[in-house]
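We call the chains A, B, C and D, going by the order they appear; numbering starts again at 1 in every chain.
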Amino acid sequence: MLERQGTDMADQKWGMVVDIDKCTGCQACVVACQSENNVPINEEGHFTQRRAIEWIRIERVWEGEFPDVKARFLPVFCQHCDEAPCEPVCPVYATYHNSEGLNVQVYNRCIGTRFCANNCPYQARYFNFWEPTWPESLKNQLNPDVTVRSRGIMEKCTFCIQRIRRSTRDSDREGTELEEDNRALSPACVNACPTQALKFGDLNGHLGEEAAEHLEGHGGHGDSHHGGRGYHMLDSLGTHPNVIYLKKVDPSAEEVEAHG
Amino acid sequence: MASHVDVKSHQGHGEGQYVPFTTQEEVVSDLITKHTKVSDKWISGVVAAGLLLLLGVVGFAMRLANGMDDRVVWGYYALMFAFILSTASAAPMIAIAPRIANAHWRRPISRAAELWSAAGLFSLLLFIPMLWILPPLNDGRRSLWFFDPDDPVYSQVPIYTPHIWAALAILGLVIVGFVLLWLSAMPDLALMREHSTGFRQKFAAKLSGNWVGTTGQWNMLHHRMGIIGAFYFMMLIFVHFLVTMDFLIVLVPGWIDALFPITHAANALQAGVATVILSMIFMRQFGGYKEYITLEQFWGLSKLLFALSLLWFWFWFSSFNVFWYGKKPSEQAVLELLMVGPYLISFLAGFVLSFLAPLFVMVWNPVRKSIWGPTIMSVAVLFGVFFDKLRYYVAAYSVPGIGDAHVHKHFMDMDAIPKVHMPGLPDIFIILGVIGGAVFFYLIFARLIPPVSIWEQKELMLYKVHKAYHRTEVFVLGKPR
Amino acid sequence: MQEHVQLTQKEINDDLLAPVLGMPKWWYGAVGFLLLVIFIGLAAYGYELYWGMGVTGLNRPVMWGFYITNFVFWIGISHAGIMISAILRLTQAEWRRPITRAAEVMTLFSLVAALSNIMFHVGRPWRLFWVYPYDFSRGLFMNVRSPFVWDPSAVMTYLIGSSLFVYVALLPDLAVVRDRATGKYAPTVYGILCLGFRGTPRQWKLQGIAGILLSALVLPVFVSVHSIVSWDFAVAIGVEGWHSTIFAPYFIIGAIHSGVSAVAMIMALVVWLYKADRYIRPDHFDAIGRLLIVVSTTWFFFFFLEWVFALYTLESPEIAMRELQVFQNPFWWLFVIFLLTSYFIPVPMWLFKSVRRSPMWMFITTILVNIGMWLERFLIIIPGLARRQPFEFDWGSYTPSLVEILIVCETFAFVSLGMLLFAKVFPLIPIFDMKEGMILRDEIRIGRRTVPASIRETP
Amino acid sequence: MAKRSILGLFTEQQVDDAANAMDALAAAGYGTNEYEVITGTPYPEGTFGEAEPKHKLFRWPLTGAVCGFIIGLVLTAGTQLAYPMVTGGKPILSIPPMAIIMYEGTMLGAIIFAVIGIILESRLPRLFMGAYDKRITEGYIGVTVTTEEDKLEPAEKLLTDAGAGEIKRGWENN
């Protein structure tokens, strides 16, 4: 009754490792994502209305009390959880978990109840409040591989599934093994990151091993003070994300821990 | 069409419609003789219950020999305390609720229900050791009282707050129960004062005070009984709230079930109805009150039992569905511990006995409208309550780290879930003894106070009149405001 | 004033059919006004359909707003109908007789209003029927694991069940109307509607059984409906403030609280508009007032429990949500108004017999209760969404837009209009029930005292 | 052969007269299915000494419940098995959601069948009213006799003797 259904069905299980220690908050990933995935242009009004659509967004987290306050940059996007709270609440199967561990969104099915948006703890789901429009000059910039969404439906990060599909298709055609870290496979944000804070790959493959050693000794329930730097966002909710964050290396914090 | 009604009930109509007496004198004399003469059935009952009680005392002593520190072994004791709280202490509600709703069918059985508040005294006795079983607040567990050693304000909370409040609440409940019993018994005690002899006469004379039955006294009695009844209900809810919070929920890390106090109380009402039905069948078969406790009473209560059995499922599912769907690790651990894990058997027994069986048996009107149907079902429900409480209390008390400040108390990991804790010999003694003790108290008080309320019976003869209506016969139920 | 007025059946017919056969003066004015409000509301909805959900005040953290609040509110109101008529039928409470039908009809129209709110809410309403197992060409059915699929199933069950309930209870009265109606078509139409009801003992017996049986069948549905509506919120772990097991009973009791208040409101209106003061007596208001005291106090206990456990968890989103509810603008004063109107003003007033027995005061207090209960839903939904998780960067707020306000007004107008039209076509006070009450009325004389009594058949 | 029916009208106060008429008809050898009392309001059962109407209503909701349950089961289980899409790690056959929808189906079936049963069991819909008078819904009590032509005259006499204020005749085609 409490078991988990449907993971490890295919040989791939796509995931990402985000090293916050490397993130400079330059927002290159955001721009890359917007242009890759035909995300409508966010004008000032969208931000003031809190209706901007950014499949990946850089959030600023303040750590510590005044005077020693530290700003952290936190890239937030769909965590593609194995037990995604957003999936079962959709009445029309518009979002579900596919065999490669991806949390996919089917735009044609969506009727816009926004239930999934409420149920996503990471708020990585975005609703098209308005009909998306592009200035005339950008019409030719749209990516032909990606649907342009209409108003009234939800959308979110897909791990650039169109790129995954294309590279798997190519490797199948050439009969070559699909190697994990190639630029054709990995999403636009990963390719655009100048410091390589984002790393995309197969959690059943190399990335999985890497993530495992980061996560090891990790106490669960979000407190990763011992062992590796890896942790899952909001781990206490038990959503089992496929995105692993590596916490910032903080000398002062190390000290504190040494003392405490 | 208000036609005049002759206040003379006819004789010998369908079973269980009304008392086969025409005048109040007959009722009074009959009930008094039934009450005063000691039947050997009663004596054998008291002896049996007393023996069981002794057994229980022995079991308790055996447990006490090992001391109070190991809380795991006291799980079954806590279970039995909860059992009595859910049955004996809830039974008086079956007198109170219909009385407030002014339902006439309650009258012959309201005393039988109220007498259980005497057994409430026993629940108070049972509670005293619980004070030592429950550790103080300073073991870092979440609690209703927000004790926090680091916080300047909340560190002021006395670490024994749960013990104090629960003790006060249960004491209050027992006192209110006794006041209710005393009030409703007063006119009957006055009768005993006149009609009986010996110690019973003195006892009645002392308790009935200056009751002579003036209009003022009657009005005051009805008024007070209404208020005290409502107050008893509130106290009952309050006690269930405190006991479940402080003696159950806080012991299971990560068990955040806001509904549970009410679930506990609602299941207690179900168990209370079952208890009253059982005591009715005993009074009917062995107590010689066949003419008074009739089909009508069983029918009235069986409807109630059926409704409360449905409520059982609703409350259970409301909690379960949220946990099952939410799938937080802490919630899954709680479900594992209390439901699908080591205590699965106990849970299934409770589920079947207190919901499935009543549902599928009592959905049939002929079964509801019978003597044996409700009786069998109330036995089932009582067993169901026992197993349901077992999975909660024994499981909660066997969670490791209670009272240990070093154990993290906000989450419980799947691998920290304890194995099932089977009862030892002392536990079995305690289980039998507690049940025997409650019955013992009940029987003793049934001897001191008429187990069928004489004055309510007389009132019934006033307000429930049977008359001919053209070609048929009807009841005329008077509803005095 | 004297409590019970004994009337002949002819008088009852004349009184209770007056609104159906005649035409009150105020009628056109009222209907016209309501139609205007509805038109404005629908125009606003057309605007929303044309431009998209952007015209509402919704935004990223707060994806549900006025519409869902209003949906929950109307579902709650709809529960009064079955609550009153079913429970009081099952307990054979005599005072139910004049008010059952009004309550049931209110159920029907408020359910429709609730459903319309879902239509207003979703992003692509023209595909809303996909939540039903209907569209075979699509090659995909609904996801039965979603509470938004439990909802339609429960609400439709409830709607169908309660409308059949109303119809069956309407049969004898339709016969009465058939015999009184004049004009070319009316008698035929009513004759067809009442299926040729004549009033034989068999028909009356089954009518009686129907009352009990259907009550017993609809009551569990009524419980399930609002539980499921509450699970729309409670099963979500994305919103910490909603994830509480108590929600199902808490919503139910809150629904009963607001719904029974609405019934008292309707009673007062019926007394004033249709001059029914010979049928709905002060002791009816008295009884419903007593009921309301019990219900509201129970509701308050649930409210208290929900708060206790929210603080008991000591989890940051919960605390943040409560802090937003109670201390921050504008929610703090909404919270104060909610507490006062839903409990602390009405309940102390109901403790006075004089208040309980006066239609005017009951009307005022129950309107207060409904304002408070609307705010309750608002205060559960909006702060919960605005403080969902510990991430402060995801905290937000919400202010409704004019479009939403107009559409919410439209639902209120819709329900009122529905009641008015129903009362124009069918008797709003059950005629045969009142007649039965007159027949079964009796008295017991004990000495000088005559005790009001009622006749019960020997089981 | 076509049956005729007559109706004897009694006033609201003549309850006992109507009951006497029923007795007289019974004594005169009319079957219980031939004469019937019609009232504008439910009187306590047996007020006119009429036989208690037998009905088999309670099998209706049970049938409906069974049908509804089966439909709900097939629908929920079938949908999930036909489109085995994993959502949130929930099992493909998730019992609690199925239970909810099956419950609703059960209740819906039970209610619909119960209503159908109620209508049919009370011998409705009825196409032809037969002998009927509008005043019955004003409190008058009607006693109808539905029988062959020849047995109609004595019935009319019995009714008038019992004190029927007025006799009406009507065709009875069903």
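One rule holds in what follows: a residue touches a chain if its C-beta (ideal position, glycine included) is under 8 Å from a C-beta of that chain, and two chains touch if they have at least 3 such contacts.
From a predicted model like this one, the values you see are computed outputs, not experimental measurements.
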Chains in simultaneous contact with chain C and chain D: A, B
Longest centre-to-centre distance from chain C, chain (CA-based): A
Two chains joined by the most C-beta pairs in contact, as defined above: C-D
Most central chain, judged by mean C-alpha position against the global CA mean: C
CA centroid of chain A to CA centroid of chain D, Å: 65
Centre-of-Cα separation between chain B and chain A, whole angstrom: 55
Distance between the centres, which are taken as Cα means, of chain D and chain B, whole angstrom: 43
Numbers and ranges of chain D residues touching at least 2 other chains: 43-45, 48, 83, 85, 87-90, 100
Overlap residues in chain B, where contacts from two or more other chains coincide: 321, 324-325, 327-328, 469, 472, 474
For chain A, residues contacting two or more additional chains: 1, 83, 85-86, 88-90, 93, 237
Arrangement of touching chains [line / ring / star / complete / other]: complete
Chain B partner contacts - residues on chain A that touch it in the complex: 1-2, 83, 88, 220-221, 236-238
Residue numbers on chain D that touch chain B, as the complex places them: 15-16, 19, 43-49, 58, 88-89, 96, 99-100
Of chain A, residues touching chain D in the complex: 1, 3-7, 9, 81-90, 93, 95-97, 240
Residues of chain C defined as touching chain B within the complex: 6, 91, 94, 220, 223, 227, 231, 234-235, 237, 243-249, 301-302, 305-306, 308-314, 438-439, 441-446, 451-459
Interface residues, chain D side, partner chain C - complex: 12, 36-45, 48, 50, 52-53, 55, 57, 61, 75-76, 79-80, 82-83, 85, 87-88, 90, 94, 97-98, 100-101, 103-105, 107-108, 110-112, 114-115, 118-119, 121-129, 132, 134, 136-139
